[in-house]
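When the chains are written out, they are named A, B, C, D, E and F in that same order, and each has its own residue count from 1.
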Amino acid sequence: MTRNDGRKPDELRKVTITLDYIKHAEGSCLIEFGDTKVICTASVEEKVPPFLKGTGQGWITAEYSMLPRATAQRTVREAAKGKLTGRTQEIQRLIGRSLRCAVDLTALGEITIWIDCDVIQADGGTRTASITGAFVALYRALEKIEKLSAVKNFVAAVSVGVVNGQVLLDLNYEEDSLAEVDMNIVMTDKGEFAEIQGTAEGETFSRDILNTMLNLGEKGIKELIEIQKSVLGVKS
Amino acid sequence: MTRNDGRKPDELRKVTITLDYIKHAEGSCLIEFGDTKVICTASVEEKVPPFLKGTGQGWITAEYSMLPRATAQRTVREAAKGKLTGRTQEIQRLIGRSLRCAVDLTALGEITIWIDCDVIQADGGTRTASITGAFVALYRALEKIEKLSAVKNFVAAVSVGVVNGQVLLDLNYEEDSLAEVDMNIVMTDKGEFAEIQGTAEGETFSRDILNTMLNLGEKGIKELIEIQKSVLGVKS
Amino acid sequence: MTRNDGRKPDELRKVTITLDYIKHAEGSCLIEFGDTKVICTASVEEKVPPFLKGTGQGWITAEYSMLPRATAQRTVREAAKGKLTGRTQEIQRLIGRSLRCAVDLTALGEITIWIDCDVIQADGGTRTASITGAFVALYRALEKIEKLSAVKNFVAAVSVGVVNGQVLLDLNYEEDSLAEVDMNIVMTDKGEFAEIQGTAEGETFSRDILNTMLNLGEKGIKELIEIQKSVLGVKS
Amino acid sequence: MTRNDGRKPDELRKVTITLDYIKHAEGSCLIEFGDTKVICTASVEEKVPPFLKGTGQGWITAEYSMLPRATAQRTVREAAKGKLTGRTQEIQRLIGRSLRCAVDLTALGEITIWIDCDVIQADGGTRTASITGAFVALYRALEKIEKLSAVKNFVAAVSVGVVNGQVLLDLNYEEDSLAEVDMNIVMTDKGEFAEIQGTAEGETFSRDILNTMLNLGEKGIKELIEIQKSVLGVKS
Amino acid sequence: MTRNDGRKPDELRKVTITLDYIKHAEGSCLIEFGDTKVICTASVEEKVPPFLKGTGQGWITAEYSMLPRATAQRTVREAAKGKLTGRTQEIQRLIGRSLRCAVDLTALGEITIWIDCDVIQADGGTRTASITGAFVALYRALEKIEKLSAVKNFVAAVSVGVVNGQVLLDLNYEEDSLAEVDMNIVMTDKGEFAEIQGTAEGETFSRDILNTMLNLGEKGIKELIEIQKSVLGVKS
Amino acid sequence: MTRNDGRKPDELRKVTITLDYIKHAEGSCLIEFGDTKVICTASVEEKVPPFLKGTGQGWITAEYSMLPRATAQRTVREAAKGKLTGRTQEIQRLIGRSLRCAVDLTALGEITIWIDCDVIQADGGTRTASITGAFVALYRALEKIEKLSAVKNFVAAVSVGVVNGQVLLDLNYEEDSLAEVDMNIVMTDKGEFAEIQGTAEGETFSRDILNTMLNLGEKGIKELIEIQKSVLGVKS
C-alpha cells in the first residue's frame, strides 16, 4: 500500500531545520516536517521558579501555540478565549518533560530556559516536530551561554499510528484523522525512552501492534537525531 | 526488597468499591485504592455536544477534581483560581478517552454521559483509581437506562513505576514521588490497551524496563477487572 | 400535619457526625443531616492574610463547594465556569463569620485556619450542616495544635421556614423549594445569635412569624450542640 | 449619648431623593442618606431569563457597584480585577430579592427590569440606600410603561446596629466600623419583613437586643417610606 | 446649516465643571459637556509601579468606565463580563498619556496619581470630557499635596468631525453616529498637541479636511482651557 | 545626521512581501519592514456578526499578536495571562478600521474576513507593517473568492516620529524608544487618510512639526503601495 503522499510506511516526511531563525532568541530554529512548520525558540532567564530557589538547579519549561490559520479551518485564539485548551496544556507539559530528560538541570545553575513552539502551518505531527525542533533551539541556547556540558543526550520525537490496520511512521494530518491508534514516542540518541503516549481512538490495540509501533518509532527517531546533529555540526 | 507499606512489588493495594454511593446519580461508587478514595458518578444527559447532533451517536466525557484537603498540604481550589490546571485537564481527557474505548457510542443514541471523579483523599494513583471506578459508575448508569448492550468491554487502569531501579505495581504517594519512571496503563478485559502513558522523570528508560512494566500492569489490571465484575455481579 | 418524611414540625432530621474522616487534615468530619452529606476539614496554615500581619492575631476563613452530582440535576463545576457563583460566595462568607464568632482570634496567634465544606450529597440545609460540621472540624484542629483555650463557645446552625403557612424546623430539599419564608440561624451554646438571615420568597412575613421561627431554631440548635459535644467528648 | 454626627440613637440621617436623575433610564433617582450617595436606575428589557420563557411572568434583577473613589481609600475596580467580590454579589442578590417582594411578577408580563445601583460616594449604609432608592426608580419605570398595578407594596431598607452596647439607627461609616452587631432590615409599608440579616462581628447578641433592633428598624423604615411616597407623589 | 441642537458648527456645548464633587478624593469634579456628564477623581497613592521604583519619578494612570444606563440602551457591566473592552482600554490609555503631557513626572516624587473617569450620562464626547475634567481633578489634587509646581501646562480635549460633509466641533451622540470622520484632539494652553486621533468611518478624508478640523479643534480647546482656569481660579 | 542603520531621514527600511506564505489561508503573506517580520493571513467565514445579519453587508475584523520571543526580552503570552493587553486591543481595532476603509462592505455579501497579523520578529513598526501586509492578504483572499470588485482603494501604513528634534520616516525599535513624538499614518493610494494617530511622549508637538510628519508619511506610503501593487501584479 502506498500512503496518500507516496511515502513508504516506515518513511519520514522531508525534514528541514533552519537554524537561528529568530534574531533575538538565544537559540532558535524553524523546523519543517513536510507541510508542518514550527518556530522554536529557547530564551534564557536568570531566575528559577520558587520551588527551585536556592537549590542551585535550573529549569526548562515549554509553551506551545498555533497561529489561528495554521489549520485548514481558522481556530479561535486562546488569548481571545482567555484560556488554554486542555490539548495545549498537555502538549506544553509533554515538551517540557521531554527536554528536561536531555539536560542535567543541576549543571545549568539557577536559570530557566523558556521553550516556545509556535506552529505557523499544521499538517499533523505538530507536537513531535515541536520537540525535535525545541531540542535544537535548546542546544543552540546552551551553546551560546556556554553550558553545553549540561546536555546529557539528544532528544527527538516522532508519531506512529495504525491506519486501516497498517502501522505507519510520522503521520500527516489526513492519516492522523483516520488513525485507529495514535502514538507519540520521545527517545534519546542512546535508544532510551523519555516518553511514550499511545492512545486508542475507539479501537484498542494489542501488545504485538504496540511492539511494531515502537520499532518503527525507534527507526524514525534515529533518522531525526542524525538531522539534528548534522544541522548543529555535531559528529554522530 | 519490601515496599514501604509491606507489599510485594507486584501487589495491588487493598481495593474497595462501594456501589451506588451517591443517591442522585444514575451510576456511582466510592472507590478506594488503599488510602486513595475517589467518588465516581455517571450522569445521563439527553443531548449531545454540537459536533454529534443528528448523528445518532452518543458521547462520554469526564471531569476530575480533588478536594482541597485531599492532599497532605491543602491545595488551592481551581474554582477559586478561576481555571483548571494542566494536570487536571490532562487527567480529564485521559479518563474520557479510556471510557469511550469501553462503549459502542453509536449504540448509546444521542445522549451524553458525564463522568465525575472527585478525589476526597489522595495517596497516589488517583487517575487510575478514577478510571477504574468511573467504569463501574458508567456500567451502573447504562444498566439503569437499559443500554448495557452498548458495553464493548470492561476497562480498568493501574500505575507501574521504577523506584530505586525496581519495577513496582500500583504506586502509593511516597513511592510515586521517588519514582524514576511513571507509567499509567489502561486495559480491557480482553488484554488490549486503551492507553499507555510512560514518563521518565529525568532518567530515561530502556525497552526492557518498558516490557517489565507492561507485564506487571497487565497482571494488576486483570485483578482489578475481577473486582469490578464481582461488585457489579457480572460473571468472569 | 405530617411532613413529607414523617417528621414533626419541630423535629430535626437524623444527624450523624463521623469524626476524623480525612486523614491528612488537622481536623475533619463527615456530617449528615438526613440525606445531606458534607465533608468538613480544617487546615492550619502558619501565616495570616496581609491585613493581620504583625498583629499577633489569627484568622479563620471558609470555602464551600458542591460536587456536580450532589444534586438531583448535575450542576456545572465552578472551576469549569472559571468563577464562583454569588450563592457560593455568600455561603462561604457566612460560614467564615459564624466560626469567627466561636473563637478568640487573638488567642490563636498568627495562623490561618482554612475551613473547607464540600457537599457530596445535597438534600436541603447544606449551609447549616456545613457550619455545624465545620465547627467540629475546627474544634478538632484546635485540639491537635493545642489551642482549645481559644474556643469561646460552640456554634451550630439550622434552617427554619414557612411551608404552606406552617413553621418547620430543618427543611429538606422538597420543603425548601416550597417555602414562603426561609431562615438560617446560627447560635452559640449560650443561646446568643451569631447570625440571622431571613428571606421572604415573594411573600413577606410578620413579626409574629419571625418569633415562632426563632423559637423553633433555638430548640434545634440546642439539640445540634448536644450532638457536637457528644461526638467531641465534651461534657454539656 | 450623642452620636458622632449629633443625631439621636433613633434618628435617620438627612435623606434626599432626586427623581429622574439620568435621562436615558425608564426610571432613575439619586438617593442620599447623609454623605452616602447612590445613583439608582431601572431599565426595561423586553425579554426574560431562560427559566421564565413562556411563563408570562416578568423578572427583576439588580446590579451594584461602587466608583473606585467612593471610599476613603481608592478601591480597585471589579472590572479591572475581572471578577465581582463576594460582598458585591451578596448585595446584588439582596437588592433583587427585596424588590421582587414589592411587585407581582406575574402582572409584569415577560419583561426584565434591570436595577443598577452605583454608589458614587460612600459613608455607610450603601446597601440600604440602594434598596430604598431602587424602589423609587423601579416605581418610576413601572409608571412609565403603565404597569403600576403590578406594585404590591412599597419597600425600603435601613441598617441598625449595636455600637458600644447602644442600639443605633442608620449607621454611618464610622459607626459601622465600630459596631458589634450589624443588621439590615427590609420592610414593606404594611410592616412586614422582606429580609432580615443580622450579623455579629465577633461578639454575639441576645434575643432582647434583637428585639430592640427590630423596633428601631421599623421606625426608620416608616419614615423612609413616607419620603418615597412624597417624592413619587403617592398619598400615604 | 444648523445642528440638531441649534449650535453653530464651531460652537461647543454648554460646559459646566462642579469642583470638589466627591468628598473623599484629593481632587475631583463633575464635568458636563451638554448632556454628557463625567465624575472625575484624582487619588494620590504613595508608591509607584515597579518600573519606576527608585527613580524618584512619579506616575499618572487613568481608568474609565460608564455606568450601565449612561447610554440609551443599557450596556453590560465590564465587571460582570469579567474583562475590559478594547474601547475602554483605548480610552484609558489615551487619558493617561494626555495627562502625563501636562505634568513633569520627575517633580512629583515617587507617587502615583490614579485618575478615575466615570461617565454617569453619555451623549457623545465622553473621552474628551473625561480628559478635560480629569485635568481639573489632577490640578486640584496637586494643589492639595502642594505639588502644583509640577504642572507644565494645562491640557484639554475636544472632538471634531465631518457630518454630511460639514466640519463640526464637539459632536453630540447623534452627530457622532452620523459622522464620516471622527477626530479627537488633545492640546495644551500653549497651542501644542498632546494627541491627535483621526479616524475615517468608511470614507477617507483629505489633507484639507484635516486642516479644517485641526483649526476648529484648536478654537474649542482654547475655550475649554479658559473654563478650566476660571473654575480653578487661575489667571489666564 | 545619519540614522543608526545608515538610512536617510525620509527613507523606508527594506520592504519584502512573500505572497501566499501559508497554504491553508485564502490570502496570506510574510511582510518584512527591515527586521520586523509579520505573517498576515485573511480567512473567509461564511457568516457575519449578529449586528449585520440580514443586511447583505460583510465585515472585516482583525487580530494581532506577537510571538513571545519576537522581542529582545521574552514577553508573557496573552493566552497564558488569560487576557489581551490594551496595546493589543488598540492595534487590532486600528487594523480592522483601516482595512474596512479599503473595501465596499456592501459589495462583499454576508461574509466575514478575519485578518490575523502575527509578529514573528519585532524591530519597530509592527502595526504599520501589519496593516500594509494585511491589505495584501485581504486583496489576495478577495481575488480567490472573486470579490476583487469590492476593493475601493489600496491601503498602507507607516510610522513617522521625532527623534532628537528630527522628523524620521519608518522608525526602527531603537529610534522608536527614543522618539519624542510617534505618529502612525494610514493612507490610501488616492492620498486620503484612513487614520492618523499622533502621540506625544512627554513633550508636546507643534502644528509645524505635525505638517512635516504628514509630508514624510505621505511619501513613505506612496512607496509602500508601489510595492504592494508590484507584488500583487496590479498596474500602478
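Simple rule for what comes next: contacts are C-beta pairs under 8 Å (C-beta built on N, C-alpha and C of every residue); 3 or more make two chains touch, one makes a residue touch a chain.
All figures in this text were calculated on a predicted structure; none of them were measured in a lab.
Chains that touch both chain A and chain E are the following: F. The chains that touch both chain A and chain B are none; no such chain exists.
The centroid of the Cα atoms in chain C and the matching centroid in chain E are 51 Å apart.
The geometric centre of chain E is 27 Å away from that of chain F, both derived from CA atoms. For chain C, residues that reach two or more other chains under the stated contact definition are 82-84. Chain contacts here close into one cycle, and each chain has exactly two touching partners. Order of chains round the closed ring, starting at chain A and going on to chain F, comes out as A, F, E, D, C, B.
Only residues 83-87, 89-90, 92-93, 97, 100-101, 105, 153, 187-188, 190-200, 202-207, 210, 214 of chain C touch chain D when the two sit together in their complex. The touching residues of chain D, counted against chain E in their complex, run 22-25, 28, 35, 39, 41, 43, 45, 63, 65, 67-72, 74, 77-84, 88, 114, 116, 118, 120-121.
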